[in-house]
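Two complexes are shown next, each including subunit A; its partner changes from subunit B in the first to subunit C in the second.
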Partner chain A sequence: MADQGTDIAARKPLGLWRHLNKLRWLSLSCVLAMLIIIPYLHLYQTYTASHAYDLLAPSEKRIYDAMEILTAPFVSNPAEDLDAIKGNTWSGTFWGFRVSDPLAALGQSVAGLNVHWPFVATALIPIVVTLFFGRIFCGWICPATLIYELNTNFAAWLRWAGLKPALIPDHWRFDRRIKYAVLAGGLALSALSGASLVAGVYPPAIIGRETYYAVAQGGFGVGSAIFFATLLFDLLITRRGFCRYVCPGGALYSLLGRYRLVRIRRIAESCNDCAKCNVICEFELDPMRDDFGQECTNCTACMAICPTDAMTFMLRAGDYPAQGPGHLGREYRDAEIKQSEAAE
Partner chain B sequence: MIRRVRGPAGNHGGPEIMVAVMRRRTFIRVLSSGAVATIVPAETRAVTRASKQRYLRPPGALDEDEFVARCIRCGQCGEACPNRCIKYFGFENGIQSTDTPFITPREKACVLCMKCGDVCPTGAIQKIERKAETIMAEVKMGHAVVDESLCLSFQGKTCGVCYRACPLPDVAIRVGRLEQPHVLEACVGCGLCERSCIQLPQAIKVMPNHG
Partner chain C sequence: MKISLLQPGLVLLALLLPLQSAEAHHILGRPGYSLNEDSNTPPSVQVETQAGGYALTYMAFPDIPRPQSPGRINFYAARISDGKPYPGKVKFLVRLDSWMTRFGIRDHTETIGVQSPDDAVFRQGVYYGPAGDYIITAEFEVDGEVHRVEFPLRVGIPDTIGPIGTAVGLMFVLLIGFGLVQRRRSLTGKIRAHHEKESPP
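Now for the complex of A and B:
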């Protein structure tokens, strides 16, 4: 037993890791805030560009002055610095460096039936990151994720209040592979129509556009209706259903991250089979039985909730084979007692 | 598809040349319309192109079909536009055009700042240097056409507003007697003349280069 004790100590996850989930929420909030602030910056820039200061109304002068005072410590060249971050998570510019979603590059290549390398190259960094970290975009960056997770909480509240209609039985599950069919079908339609139609149903692309439309173009566009439909689907039918069953980008990231190196794994020695990880997992994976698969977004919610610190990271191209019941759980203890009784 | 291409003499009596080009999209449309034609009688069939709306693509945009294929609908061209003239389609121009940028020159025309091409990540809007020569060589948004029956100057009321609004005066547009405007071959179709026209409805219009 002493031997096992040192083993547990050696395998204890880093204390920081159970706080990663908070960091993730911060990251998601920042991305969504960015997508809302950037269109306002655009409005501000175009407004000041087209109105002489001395012709501004007093209230507008106050806004202008406040903006100047707020930005002055950080800004040397207003035009350049305000342009430092532009665009959205679908395709954006960060200090002159362009980054695009792999699905944008793929959709465009398929729609045009040729590969436009200057653009495809901008998707390289997300692709490499996905190869190492899996669907980390879905868990940490996607602006829709924050809204979807809040939606999950809302669904839980509805259930608590007894307002959630049971449209499908609780145990009912769709097939996760639907999203690969959606990806393939979307690409086929894009090739046939000669237009990148996948962009129309991909929530991060929709949110990037729609926040801009809402702020600067005078109202939401057609994409918001699609996004609202996905929210309803998640709320009424199945938790995070769109991400798990439909999202074409999620499908692409899943495929890219299939052999990801950085994975979450269960320390069977510290696990007590409480199944809190399985309950909290938004993607309804099975961390308690070592089943993460290619769908895991490394969101670290299971790490944060684990009462015995039995979740940690590992560097391995595949999941651990099932390790059986947790050593602190009843099932394992009973089996051990039975074994020792048999030995006697 | 038979495309109409303006002849060398511009819009002043220049013959419209019919050029037969077959693009993939057209090919598919022909195929599908063939399939539809076998089922639905011709009289009840809807038009092939969803919209007859007159719109311009941003300066430096590729040819329509290629543009639609290249554009990823990120919305950055609009966010870069200091003039805020770039708007986005919903479904009104067909599902392929959804969320692609366009300009309605009568509402707000392009000032040819070329910033949309700078930010476009895909090259659907080409990067074009902001110089008169490069703009004239590479921007092909459309071509302005004067309706002489509406134009005030042609009715004897000296106007010339379109000429003064043009960013390429004497190169893209020239005025003759009584400030009567004549659009020249170098017109890139920015639409500032159409935007500025004081006549209602406007006597000068930009005819877009696409379909």
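Now for the complex of A and C:
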């Protein structure tokens, strides 16, 4: 039993597991909303600190009024109290608690050729969470994921409508190891240049920066063009291609989550081989054949779509061994019939 | 006789004083809306740069020029080596700054005026046109070489949402719309794509 891991809910998955995907969408939406609201909060903080209401343009007064209504129940002195929440998913302070993306800590340490431990310590919690849950940041927190998944839906709709946007043949596959090369190359260039270059192509960092630019400075930077290019890459080249093949943060999280403890596993006894899990998997993994690997983000989309509740969580440092066809599927039944016929 | 005139005058003044409108006072000083280009310390847009061996300072008044209203551009040029002001004349030009003009559409440059130094300042009075982004060019000659320095000028309050913001907003609406309204069809598309991948021609 130790070899096969421990099912968190034995043979029958908890009813809650099916709804985790909705919770995930809520989480992604909240993170994106937070990234947009925080710069406005800081504008409001600046306005209040400078007592500048009378000098504001009408559009700025609207921001002031909206943020005043939003924060009034929580803060008494906005100029001081709003210091409690700053930053974005790259690095931020939340009520005195500092959290950084592990890639931020690694990139900055490599670029500076110096480890500043207080900063590295801010990445500790994401690292520990990743060691347990794998690429959960990619599936549940990354603000780009929400946009990328909507983009996937759009690409699928185009395909339904008869427009096939792919520029390469469907059966072409890239090598997933490319992203590790991007991570290594990015870190090497960061060390040479002295600037954390990996942040330049890391979508959550880009979104964090660009929302700040848009709100505080009234325009977008070059990062928005890079992010738009990643959307086109996903739309025209391959589904979630950037996350799967290029993202340096995804590479780091995959490495950290290689031996994650919490994994999804298929219950072969309940599986009917309908392949809906494979269809829905954003990372084009093969849950139907027990192949999750280190890329799985534990997004639970396969759990949500499974018509026979054949997906559950387990505690195990590696994927569940291949179980063959699902017991409710035709392949398994045919094999059983053949076996019984041979026995007779 | 004089005293008798002064007394009613003082009484009249005392009666009129309370009728004077109250002046607004701001904690940081006079509020911006009461300052104009003729004030001693009006807020301004200021840009500093160097060209032709001169340190150049450009100031546009007021800081947020209103459309169809008067304003002023001050231009200072001091030689970097010894701080002496530029003795010649400076020509000021203006053109629209938009994505259209960058592609050569409506790319028309107009001369505002040519100014001589007035107490080491080149003062160019202007009447701001319609709201929009403009480029002010200051042209001057040093040792036979013509130097052109361009400065940005925004007239009126900038749009809350510009063309890029509109594009980003539209993209979001489009993606969310398809994600919600066309969910089933998107899933059909995914199934179709999956089948095509699993069974290549």
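In the analysis below, the second predicted complex is superposed on the first by the 302 of 344 C-alpha atoms of A that agree within 3 Å, B and C clash if a C-alpha of one lies under 4 Å from a C-alpha of the other, contacts with A are read in each partner's own complex, and residues count from 1 in each chain.
Here is the rule we go by: a contact is a pair of C-beta atoms (placed from the backbone, for glycine too) under 8 Å apart; a residue touches a chain by one contact, two chains touch by 3 or more.
Everything numeric in this text was worked out from a predicted model, so none of it was measured.
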Checklist entry - Which partner does A:Asn153 reach: the first (subunit B), the second (subunit C), both, or neither? => result second
Next on the checklist: One more residue to check, A:Ser270. First (subunit B), second (subunit C), both or neither?
Outcome noted: neither
Next on the checklist: Contact-wise, after the overlay, does A:Ser224 reach subunit B, subunit C, both or neither (first, second, both, neither)?
Outcome noted: second
Next on the checklist: Per the contact definition in the header, classify A:Ala57: touching subunit B only (first), subunit C only (second), both, or neither.
Outcome noted: second
Checklist entry - Given the touch rule stated above, what does A:Asn21 touch, subunit B (first), subunit C (second), both, or neither? => result neither
Checklist entry - First (subunit B), second (subunit C), both or neither: which does A:Ile38 touch? => result first
Next on the checklist: Contacts for A:Ser100 in the overlay, against subunit B (first) and subunit C (second): which applies, first, second, both or neither?
Outcome noted: first
Checklist entry - Do any residues of subunit A touch both subunit B and subunit C, and if so, which are they? => result 50
Next on the checklist: Quick check on the complex: what are the subunit B residues that touch subunit A?
Outcome noted: 24-25, 28, 65-66, 68-76, 78-84, 87-88, 90-91, 95-99, 119, 121-123
Checklist outcome for this item: The residues of subunit A that touch subunit C in their complex are 50-52, 54-55, 57-59, 147, 149-161, 169-171, 214, 218-220, 224, 239, 275, 278-280
Checklist entry - Which positions of subunit A touch subunit B when the two form their complex? => result 38-39, 42, 45-46, 49-50, 86-88, 90-93, 98, 100, 104, 107-108, 111-113, 116, 118-119, 122, 192-197, 199-200, 205, 208-209, 212-213, 216-217, 221-223
Checklist entry - Tell me, which parts of subunit C touch subunit A in their complex? => result 24, 26-28, 31-33, 64, 157-158, 160, 162, 164-165, 168, 172, 174-176, 178-179, 182-183, 185-194, 196-197, 200
